[in-house]
Amino acid sequence: MYAPQIKSVRPLQQSDKPSKFIGDDGKRIDGRSLDEFRSVFMRTGMVKQAKGSAYIELNNTKVICSAYGPRQTNNEFSDKGMLNCDFKIASFASKQRRKKTRDEDKEFSIYMRDALEISVNLDKFPKSVVDVYALVLEDDGSALAAAIMCGSLALADAGIELYDLVGACSAIKVDSHIVIDPSSTEQKYGVGAITCAHMSNLNEITQLTEAGDVEYSTMVEFVNMCVDGCRKMSDKMRQTLATEHLK
Amino acid sequence: MSGYKDDSDEEMNVNQIEKDNEVLLDRKSHVQMTKTNGRLQVQIVTPGELIVKNASNALCGHGTFRDDQDQLLSSVCGIVERVNKLISVRPLRARYPGEVGDVVVGRITEITGKRWKVDIQARQDAVMLLSSVNLPGGVQRRKTNEDQLNMRSVFAENDLIVAEVHSRPNRDGSLQLQTRSSRYGKLENGVFVRVYAALVKRCTQHFHTFDFGVQVILGNNGYIWITKKTPVDENKQKSMPFYTSADADKNEAEVIEGKDRENICRVRNAILALQSQFLPIYPATILDVIEMSKGMESKEMTLPDITPLITKNATARIQKKMEEEDMEVVEGGY
Amino acid sequence: MIKISPSEKQFLIDGIKQNMRTDGRSRLDYRAFTVETGLVAQTNGSARVKLANNTDVLVGVKVEIGDPDPDFPDQGRLEVRVECSPSASPEFEGRGAEEMNAILSAMLRNMLQNARTVDWASLCISPGKQCWIVYVDCLVLDSAGNLFDALSIATKSALFNTKVPKIEVMETSSGQTEIEVSDDPSDFTRLSTASIPISVTLAKVGSRYIVDPTIEEELCMESRVTIAINSKGNICSIQKGGVSSGINPSEFNKMLQHARKIGLVLLKELDALLDKEENNDTSTKIGFAR
């Protein structure tokens, strides 16, 4: 009997770090300017089983999101509703196959819930829960921001009463320039990854996470750029909802 | 001590470890005390410790058990108390045992059927029946089904109340409370503090108003409520009993400000300081601490090196008190 | 689990408005904290932090040799895990602590895992093959509010206390690397901890914000912003939490400024405490749960 002889082969670790993130012409590797989003595609209502659903594409970052409920809970009496978010990344979403890392999913689920719950009028459904499930099909950076926006669209599509739509935007510092909507390469080698969710009509930040050592002045710039980005995105979300609604 | 002799007429052997010390009995509180180096100390036993060797005559009280050699052992850590033949151990950090007539402060945990469940730091939540509260406005009448539906507007979940232990109706040890007096009812606009139930000293009056305008309710169960003294309005007091949720909505609570708030903080921190030194909590000791803390900011009172300093007078008071009681006992013809 | 009635809540909120909290502190007052280091002999470094005798956290750091992260082959690795022990509060039992654990671990990881906090490159032994893995394991022993800041202070202290054994890397004839760990316990290196940040948590209650909230105050807060500050005054991580209110961007900037100021003061205080702790002879310490 032959057993196929397999040598364990480790893939060669080649650094994919480019020598320069920002070209001499002030453009990024993928040809965008510093504060330019990738091509955005949004639509709603693609999951027929769900009460509301949405899909967002930031070029190679693809997120699908569905909202269910409100449904009754068995928990303690509460005169306010609850939002339950579940964030998952598909195992084929990034270059290397993702092993199950529940920790990260849990962390992002919490961020997503915090970002969205403030926008939901929870007084309208006491003792109930609304579930929002986000699935990242492909992750080429800014997956959390995409998931938050997608969740907000799904909630709106499900007819849940909202105070405002939640726009979200990530930014990072590469080669001492701040860029928004970073790709996964930029995200990997940049400093100070920030993701911010913002309700543009109420002008309130609903969620903000940042990791990485930056000066105070940079941080202020970060927040301003993100808030601007969020505004742009929520305009886009409004357009999408309006056109899909007319269909 | 003749009552404690067993059949063989041998003196009851009281806690061998302490046998070199003079054993005294504080008649007032029935607490077993020992004198070590001229200092009075309450006798503290640990679980499994021998209290009485030949215990065929003694009665086995709370916190004690009898082994197969007829010895009486302690099952909790606490103070030995004896009343005639009954020997019991009062635990220091256990839950509130409950006694009918006690004033307690409690928190509503649940509303089921015709009753509220109330957390009073006892083994089980106490119950309070719809029939044992006064309705908003103080009307006295039979409670209807409608009242039952509106129970949440009287006391809602998480509300704090002051009540009296009415009875112990069941064998499972749960207590029944009542608020059928103008003194009892919902607590509003103040601070809640939790201490060990054993530290709250039994007094004739558990509602106390300090002359600097702060009222404390020292619940026997170790829950304490501190608030600003409300000006007594005679008419109001009679016609309208304590607030319920419905009443509270009507009269917008006054915001406590400035000096009053500072005083409330001071009383709160004084009580916590007493607890950290394991000293009994009653108006006199609270005042002692407040007196000592004059000249410092109220926030300093919680600093770990400050608490022993500000409780010095209270400690001295307790020590003195114990000695006085000792004297009385001796004079009483020992 | 601690509960609070609407009326108590109102009292707390009024107090915060008047800058007089229930324990007498003003809005930006921290509780007194104590730091002890080198408590757990089985670890390479450990620390315990208590906030006003109430919040109690213990952090143990272990370093082990292992595989580096394939994405960063020339750096050491960090593993952070926070565990809220059910002995701290019955609500942490079973899966109850899951969310708290996740959010606390994420905060610490974000705070530490960037190139400038620890010199991660110095923890590389043989690029792509072997490196030091720093395991930071945090236990919450008692929780009375502000776990975030307590954990960040304890983590910095534990890393300050950490001793990495000296090693020697040898190339064998067959091209393999062999590592020899020094068995002399006094032969160790320290981590560079000067630029490790600590966090300052601001809790927004009503229109005001406070630092170092107690557990009761945490029940009243509308949102929480945890901001990590290092000795240069740089911001190393931010995490916003809390689900009942958003924050206006200009207000957010103000919070950043406040946190920075408070963080720098706290860092100075902590550095002094750690130096003192380091010079103390810890071998004579008895009774750790003081």
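Which chain is which? They are A, B and C, in the order written, and residues in each are numbered from 1.
Please note the rule applied: a residue touches a chain if its C-beta (ideal position, glycine included) is under 8 Å from a C-beta of that chain, and two chains touch if they have at least 3 such contacts.
Heads up on the chains, UniProt names are A = Exosome complex protein MTR3; B = Exosome complex protein RPR4; C = Ribosomal RNA-processing protein 42.
This one's a predicted model, so the numbers in the text were calculated from it and none came from an experiment.
Visitor: May I ask you to sort the chain touch graph into line, ring, star, complete or other?
Guide: line
Visitor: Can you tell me which chain is nearest the middle of the complex, judged by mean CA position?
Guide: C
Visitor: I'd like the Å distance between the centres of chain A (Exosome complex protein MTR3) and chain B (Exosome complex protein RPR4), where a centre is the mean of that chain's Cα atoms.
Guide: About 54 Å separates the centre of chain A (Exosome complex protein MTR3) from that of chain B (Exosome complex protein RPR4).
Visitor: Can you work out the whole-Å distance between the CA centroids of chain A (Exosome complex protein MTR3) and chain C?
Guide: The separation of the two C-alpha centroids amounts to 27 Å.
Visitor: Based only on mean CA positions, could you tell me how far chain B (Exosome complex protein RPR4) sits from chain C in angstrom?
Guide: Whole-Å distance between the two chain centres: 39.
Visitor: Multi-chain contacts only, two chains or more: what residues does chain C have there?
Guide: none
Visitor: By residue number and range, which residues of chain B (Exosome complex protein RPR4) touch two or more other chains?
Guide: Expected reply: no residues.
Visitor: Per the contact definition, I'd like the list of chain A (Exosome complex protein MTR3) residues that touch chain C in the complex.
Guide: The contact residues of chain A (Exosome complex protein MTR3) facing chain C are 13, 83, 96, 103, 106-107, 110, 113-114, 117-118, 188, 191-192, 194, 198-199, 202-216, 219-220, 223-224, 227.
Visitor: Show which residues of chain C lie in contact with chain A (Exosome complex protein MTR3) when the two form their complex.
Guide: So the residues of chain C touching chain A (Exosome complex protein MTR3) come out as 70-71, 73, 98-99, 102-103, 105-106, 109-111, 113-117, 128, 195, 197, 225, 230, 233-249, 252-253, 256-257, 260.
Visitor: Sort out for me which residues of chain C touch chain B (Exosome complex protein RPR4) in the complex.
Guide: Within the complex, chain C contacts chain B (Exosome complex protein RPR4) at residues 3-8, 10-11, 14-15, 18, 20-26, 29, 31-32, 34, 52-53.
Visitor: Can you check the complex and tell me which residues of chain B (Exosome complex protein RPR4) touch chain C?
Guide: Counting only chain B (Exosome complex protein RPR4), the residues touching chain C are 107, 109, 156, 158-160, 186-192, 248, 253, 255-258, 261-262, 264-266, 268-269, 276, 297-304.
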